[in-house]
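Each of the next two complexes has chain A plus one more chain, namely chain B in the first and chain C in the second.
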Partner chain A sequence: MNRGTLLLFAVAVLIGLPLIVVALSLLNPQWDTLQHLWQTVIPEYIGHSVILLFAVGTGVTLLGVSTAWCISQYDFPGWRWLSWALLLPLAMPAYITAYTYTSLLDYAGPVQGVIRDIFSVNIGEYWFPQIRSLNGAIFVLCIVLYPYVYLITRSAFMQQSTTAFESAKTLGASSLRSFWKVALPLARPAIATGVTLALMETLADYGTMEYFGVTVFTTGIFRTWYGIGDAQGALQLSALLLVFVIILIMVERYSRRRARFYQQRSATKPPQRRPLSGWRAALASLVCWLPVVLGFVIPATQLLLWSVQKSEIWQQSEFWMLTFNTLWLGLLAALITVTLALWLAYGRRRHPTRPLRAAISLAGMGYAIPGIVIAVGLLSPLAWLDNQIIAISEWVFDFNPGLLFSGTVIALLFAYSVRFLSVSLQTVNSGLEQITPQMDDTARTLGASGKRILWRVHLPLLRSPLLAALILVLVDVMKELPATLVLRPFDFNTLAVRAFEMASDERLADAGPPALMIVAVGLIPVIMLSRALRSKTLKAGE
Partner chain B sequence: MSTLLNIDAVSIQLSGDLIVDRLSLSLEPGDIGCLLGPSGCGKTTLLRAIAGFIPVSGGKIELHGTTVSSSQMQIPTEHREVGMMFQDFSLFPHLTVADNIRFGINRLPKKQQEERVKELLIRIGLNGYQNRYPHELSGGQQQRIALARALAPKPKLMLLDEPFSSLDAELREVLAHDVRRLLKEEGITALLVTHDQQEAFAMADKSGVMYSGQLLQWETPYALYHQPTHQLVADFIGRGVLLNGEIREHQLHCAFGVIEHSQLHNKPDMSVNFLVRPDDVLINNDSSMQAIVVGCGFRGSHYLYTLELADTSHVLAVGPSHQPLKTGEQIGIDIDFDHLVVFDSSLCELPD
Partner chain C sequence: MRKFHSLLAILAATSATLVSFTSAAAEVNIYSARKEALIKPVLEKFTEETDIEVNLLTGKADALLARLNSEGENTPADLFLTVDAGALHRAVEADAFQAVSSDEINSAVPSHFRSTDNLWFGLSLRARPIFYSPERVNPDELESYLSLADEKWNDRICIRSSNNLYNQSLVAALIEHHGAEKTEEWAEDFVENFARKPVGGDRDQIKGVAFGVCDIAIANTYYFGHMLNSDDAEERSAAEKVKIFWPAQDKQGAHVNVSGIGITKHAKNVDEAQKLIEFLVSEESQKWYAQANYEYPVREGVEWSETLQQWGDFKQDDIEMDILGENNGDAVRLMNRAGWR
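Right after this comes the complex of A and B.
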C-alpha cells in the first residue's frame, strides 16, 4: 500500500470509529449495568421496538405497494400528478408530522372540538384514540415512511416487462392472480429494500418517540446518558439497538439473495397503462390520494397555519440567524462528506484492493446506524481525546484549552460525516459508474492528459450527481435531531432543535416556522427526484 | 516501405497468469489486420498492450520502427498516436457529436477543427449531425461517430476491439465494408479483434487465429480458409469436418476411396486428419460414390446438408435452394479437392 492509499484507508476507518466503539462495548459487557437494564427497561424497549417494526413494516408495505401498483399500471385521472405527489411526505421529518397531528387530534384540537360541539359531550364522556401513544407513533411513521417503498417498488413494477404479466394472463390467470403470482414476487426484492429503509428510520427515530412518550432504545439511550449520566449504560443500549439494525440488514440481504435472477433484460418495453373508469378509477384515486393527504397536505397545512398565527417570528432576526446557522452547518457538512465521498470513490476506482473496499463499506454503513448511536459512539473517544489533550497541555504549557473536539462543532460535523457519508458515496458512485473505464481509455488514445480527462470528461459528467449529493446531505443535516441534540455545543441551535424544544415546551405553534423552513428546504430534493423520475419515464417511451 | 507495427515475441502477464505467450506479428503501412479467436484467447489483451494500457512482460512492440513497449519501458498511451475503438463505442455522453470528434484534435486551430469534423461527417454520411448528442443516435450512427472520433487525429495505427459486436448482423456487414473503405481512404493501418470470421473476411488483408495466448497462423483470409496450417485454425475458420485417413505411397486412403493430389507428393507415409469443406463435396447423382442425407439446413440461397458416408463419418455439402433433398435420401457425390489440407494425426495439436 502506498501513502495515498494508507491515508484513504485511515479516513475510512475513522469514519467507522463510532460503529467500532459501540461494537467493542459488546465485547466488554458491564454485567451489573446490563443486569440492571434487563431488569428494568430492556424488555419494554424490545417489546415496543418489535411492535413498531411489525406494524410499520406492514403499514408501509400496504401503502407503498398499492400506490406503486396503481401508478405504474393504470391510467386514471391525475396519475401523472400523483406519481410525484406521493413522494412529498419524504420532505416531512416524522417528528414534525407528529407535532401537527397532536395539535389536530389532541383534546384541545379542532377534531375533538367539533365532535364535542356536534354531540354536546364533554371531555371524558366519549372515546377518542389517543394520538400520543404507540399507535399514534405507528400511524405517523407509516404515512411518513411509505414513500421509500413506493419509490423503489414503482421502478421495479415499471421495469418488469409486460411479457411476464401478459404471459401469465394468456395462461389463463386473472389479473388478480397474475399480480399475486407474477408481478408481486418479481418485485419482492425491491419491496424488501424499501421496507428495510423505512424500518431503519423507524429504529433511528427519536423525535416522535420522545414526544409521544413511547419508550424505545433511542429515547432510553438519551435518558440513560443525560438523565442518569451513565455512559456505559448508554453504550450498552446502543449496542443492543445496533443488534436490531444488523438483524434488519441481514433479513434484507437474505430476501434479496436471488435478486439477480429477477433482473429483467433492458430491452423490454415499459408496461402499457390500462385505462380505468368509473368506480375503479375512483378507487385508484382514493388509494393514491389518501397517503398524500395524510402524509403531506394535512401536516403542511397545519404548519402553514402556525406560521401565519406566529407571523411575528418571521420578523425576528434571531430566527433568521438560526436559519442561517442551520444552512451554514448543513452546507459545511455537505461539502465535507461530498469531498470525502469523492476521494474514497476515486480511491476505490483506482486501487480496488480488498482491505480498502472493506474499509469503504464500513464507512458507508453510517446511514443504517441511528444518529443517537453515532453520537454516543463518538462522544466517548472524543471526550477521552480531549482529556488527554487537556492533561498534556496543562502539564507542558500550564494551560487548559477546553474541550477541543467533544464540545465544539467539530464533533457535530464528524457525526454528520459518519451518518451521511453513505448518502453522498452512493450518489457519487452512481455518477462514476456512468464513466466507463473505456471512456478514460478512449480519451487517452485521443492524446488527453489525466488533467484534461478530469476537466473535460469526469467533472462535467459528475456535476449533477455532486450537486444532488450536496443537497441530499444538506437536507438530511437540517432534519437530523438526536445526534445534534447530544453533540451540539452549549447554546448552539439548529431549526430542528428549536422545533423540538418548542414542541417539548408545549408551544406547538412556535415550532411552526422552523418546521416549515425544514420542510421547504426538504422539498428541493423531492422535486429533483420527481424530475429525474419523470425524465426516466419519458425516456422509457411514454 | 518499413513495417508499421511490429510485435516481436511479446509476452503479457496479468496478475500472474500468462495471457499472451511470445507472440509475433507485423503489419505493413495501410494494411488491415485481424485477430480472430475464441473469447479468453488473449486477443483483447494484446490490443490493450499495443494501445499502452497494459505493460508487456517480455519482447517488444514497435510502431514505425520506434519501440513503444518492452519489459523495460513503456510510452504512455497519449503519446503513441494510436486510435482505438471500443465495443461500447464509449462516446462521451455530455458532448455533442462535433465535440466528441473534436476531442482529440483540440490543439489544432478552431477553423481546422471545424473542417476536419465536417470532412469526417461527410465521409461517414452524417453531415448535419454536428449538434446532436450521442443518445439521440442509433447504434450504427454511434458506431460511425466513434470511428470518426478515432480517425480525427490521423493516428498511425487504429485498434478496433470487437467494433461491431453490439450491432445486429445486417448492419454489421454494411458497416464492416464502410469502415474498411474509410480506413483505406485515410490510409490508416488497423488491427481488429473479433470472434466473428465474417467480419474478418470482410475487413482484413491479413488475419490470424489466436488460441490461449498464441498466434496460430498469420495469413490472408483466403489462405486461412483454404490452407490452414493448424487443426485449430481449420476447426475455427469456416465450416468443415476433419476426417481420418492414411497416406501410403503419396496417396490418401480414406472414406472417399483413394485420392491423388499434388499436395501429397512430398508427404511420407503416416496416418492423418484431413479437412473437408462443404465446397469440396459436390452432389452428383451420376457418381458412383454414395452417401445418405441425414441433416438438412435451409440457408436461403442454398441448402447445407449433412451427409453420412459408407463408414458412418459425416461431411457437409452445399446444394441448390430450389430442389431440396429429403432426409434419408441416397445420393451420389463427387470429391474435388482444390486445396487438400492434411495434418499429422500423431501430433498433439493443442499449444502448450
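Right after this comes the complex of A and C.
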C-alpha cells in the first residue's frame, strides 16, 4: 500500500470506529442478559424485523420504481411538478409522520369521529384498522422512505440509453416487455441501492417503533440499556442488528452480481418523453400523486394546523436560531460526508485491494445502526483522546484546553459522517458505476493524470449523483435526533431536538412548528436538486 | 466565490458556538434529562438573582450519564438532573455523584426523597395512580395495583409499553412490597387484562378510557393535568370524562417517582452548583417547578397547584427511592417474561 491508500484505509477505519466498538462488545458476552433476552424477546425482535424488511422492501420498490418510471418516460399533466414533489416525503422525519397519522386515524381522531357520527356507532362496534401496529409502521416507513428508491432509480432511468429500449421495441417486444426485460434489469443496481438505504433506515428506526408499540432491535437496545442497566448487553444486541445489516448488504451485492452495466453515454439519444392521454394519463397521475399525498400533503397539513394553534412561536428569535443552527450544521455535515464518500469511492475504484474494500464496507454500515449506538461508540474514544490531549497540555504548557472533541460540534460532525457516509457512498458509487472503465483508460492513454481524470472526466459526469448525495445527507442530518441529543454542546439545539422534546412530552401542537420548519428547510434543497437534474437532462437533449 | 463566502459564514458560526461557552464569568453546567421548557425559566431566574450563568444540555438520562462517565474528570458538567429514581440509582452505581452537605437542602427535602448518602436530592414527585371511567366503573370496585390482575378487568385495562421507565419503577416498587414471585404472577394475569397491545404514551391511555377503548388506565398525573388545562377543547373534554383513583390507600400507598439532581463527582463549580440546588428546593422555585408540569413539590408545606388540589390528598408510597433503582433491572426481566411489551 502506498501512502495515499494507507491514509484512505485509516480514514475508513476511523469512520468504522463505532462499529468496531459494537463488534468488540462481543468479546465480553453478558451471558445472563443474552440468555434472558434470547428466551423472552429476541425471537420476537427477529420476527418483526424480518416482516418489516420484506414488507417495507416490497412497498418502497413498488412506489419508487413505478413513480420513477412514469416521471422519466411519460408526459402527462403535472409531471414537472410531481418530479420534485415526489421527493417531499424525504423531508418528513418518520416519527413525525407517525404522530400525524395517529392523530388522524386513531379512535380519538377526526376520521373515526366522522364514521361514528354518520353511522351512529360506538367504539368497539365497527372495524377500523389500528394505525399503531406493525402494519401501521410498515405503512409509515413505506411512504416516508420510498423517495430513496425514486430518486436513485429515476436518474438511472433517465441515463439509460433509449437505444437499448427502442431496439427492444423494434425487435417486436411490447412496451411492458421492454420495461421488464431491458429497462428494469438495467436499473437494477440503482433500485438495489435505493432499497438498501430504505431498509437500513428501517432497521435503525426507533421513534416510530416505540410510538407504535412494535418491538424490534432498536427498542430492545434502549430497554436493555436503560431498563436492565446493561450497556454491554445493549451493545451486543446492536451487534446482532449488525448481522441483519451484513445480510442486507450481501443480498444487495448478490442481486447485482453480474450487473455491471456500463453504458456508452456519448452515443445515446436522450430519452424522448412519450405523451399520455385519457385513462393512461389519469393512471400515471394517480400513481404519482398517491405517495405525495400520503407521504407529504396529509402529514404536512396536520403539522400546519398544529402550527397555526401555536402561531406565537414564529415571532420568537430563538426559534429562528434553531433553524439557523440546523441548517449550517446540515450543510457542513453534508459537505464533509460527500467529500469523504467521493474520496473513498474513488480510492476503491483505483485501488480495489481487499483490505481497503473491507474497510470501506465497514465505514458504510453506520446507516443501519441507531444513532444512539453510534454516539455511545464515539463517546469513549473521543473522550479518551480529549483526556490525553489535556494531560499532555497540562504537563507541557500547564494549561487545560478543556474538551476539544467531546461535546463540541466536531463530535457531532464525526457522528454524522459515520451515520450518513453510506447514504453518500452508495449514491456516489452508483454514479461511478455508470462511468465505464474504458473512459478512464482513454483519458489515461491521452496522458491525463489521475487527478485530472477526476476533475475533467468524473466530476462533471458525477454532478447529479453528488448533488443527490449532498441533499440526502443534508435532509437526513436535519432530521437526525439521538446522536445530536447526546453529543451536542451546551445550550445548542436543533429543530429535530425541539420537535422531539415536545412530541415526547406528548405536546404535539408544540412539536408542529419545528417539524414544519424541518420540512420547509428541507424543501429548498429538494427543489434545487430537482432543478439541477432537469437542467442537466435538458442540456443533454440539446 | 459565493460558495467560498457561505463556507466562511458557516465556519464563523461554528467557531462562535465553540467559543461561546468558554467565557470566564461564574457559571454552572447542567446535564438534564428534564426537558428544556420545564426547567429553563427557573434557571433564568437563578441567573437573574445570583449572576451565575447556567449552561444547559438536555437529553436522555442514560445517554447523558454515558457522556458524563466517558468524559471522566475533565467533564464540564457540574450537575446531573434526572426525572426518575432508576437513572439516579445508575448514576450512583457509576460513582458519578459527590456528597453534598447543606442543612438548607436537607431540611427542605424529606429523607426518603434523597439518597442515603446525600448524593442526590429529589426536586419534584410524579404520582402514578389509576384512572377510571365513572360511567363504567364504580370506584368501590377498585382497590390496589395488585387487584387489577382480577379476571373482572379482562379486556378493560390500558397501559403503555414496559419500555416506559415509570412502568419499570412501578413494578420495581411492587417487587419490593410483594416479592418477586407474587409480582410476576400478578404481571402475567395483569397483561391478560390489557384491552389492547401497549401503544402510545400516557395521554393515550387516559384518552383510551375517555373514548371507551378501555375502562381503566395507569398513567402519571401530570399528563392528566396538561390535558385538563389544554388549549384544545377536545382534549379537555376527554379528560373530563376520566377520574383519578388513588390506589392502595390502606396499604403502601400510591406509587410516586422522583425527579432529582446531584453534583457530579468531578464538578469544577461546586459552590455554584450547591447554590443552584438550594435555589431549586426553595419554596418559590418548588412552587414553580411543580406547577409548570403539574407535579407535586418535594418540599413539604409548598402550596399545590389548583388542579392538584382538586385531585385531593392521598397516601404516597414512601419506599426508599434507591430501591426503585436497585430493582429496576429485575422489573424489566420480569416484564419480559410476563409478555408485557
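Definition applied: the second predicted complex is superposed on the first by the 341 of 542 C-alpha atoms of A that agree within 3 Å, B and C clash if a C-alpha of one lies under 4 Å from a C-alpha of the other, contacts with A are read in each partner's own complex, and residues count from 1 in each chain.
Simple rule for what comes next: a residue touches a chain if its C-beta (ideal position, glycine included) is under 8 Å from a C-beta of that chain, and two chains touch if they have at least 3 such contacts.
What you are looking at is a predicted structure, and each value in this text was computed from that prediction instead of being measured.
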With both complexes superposed on chain A, which partner does A:221 reach: first (chain B), second (chain C), both or neither?
neither
Figure out whether A:187 sits in contact with chain B (first) or chain C (second), or with both, or with neither.
neither
Which superposed partner A:199 touches (first chain B, second chain C, both, neither):
neither
In the superposition, chain B vs chain C on chain A residues touched:
C
First, second, both or neither for A:488, with chain B first and chain C second
second
Have a look at where A:443 lands relative to chain B and chain C in the superposition and call it first, second, both or neither.
first
First (chain B), second (chain C), both or neither: which does A:142 touch?
neither
Report the residues of chain A in contact with chain C in the complex, numbered from low to high.
36-37, 40-41, 44, 102, 106-108, 122-124, 130, 132-133, 210-213, 215, 219, 222-231, 309, 324-325, 328, 331-332, 335, 372, 375-376, 379-380, 382-384, 386-387, 390, 400, 402-403, 406-409, 482, 485-493, 497, 501-502, 504-507, 509
Hey, which residues of chain A end up touching chain B in the complex?
434, 436, 438-439, 441-449, 456-457, 460-461
List the residues on chain C that touch chain A in their complex, please.
7, 9-10, 13-14, 17-18, 20-22, 29, 35-38, 55-64, 66-67, 70-76, 86-87, 90, 93, 161-163, 165, 168, 196-204, 207, 210-213, 223, 226, 231-232, 234, 238, 328-329, 331-333, 336-337, 341
Residue numbers on chain B that touch chain A, as the complex places them:
48, 51-53, 76-84, 86-88, 90, 92-94, 103-104, 149-150, 152-153, 155, 159
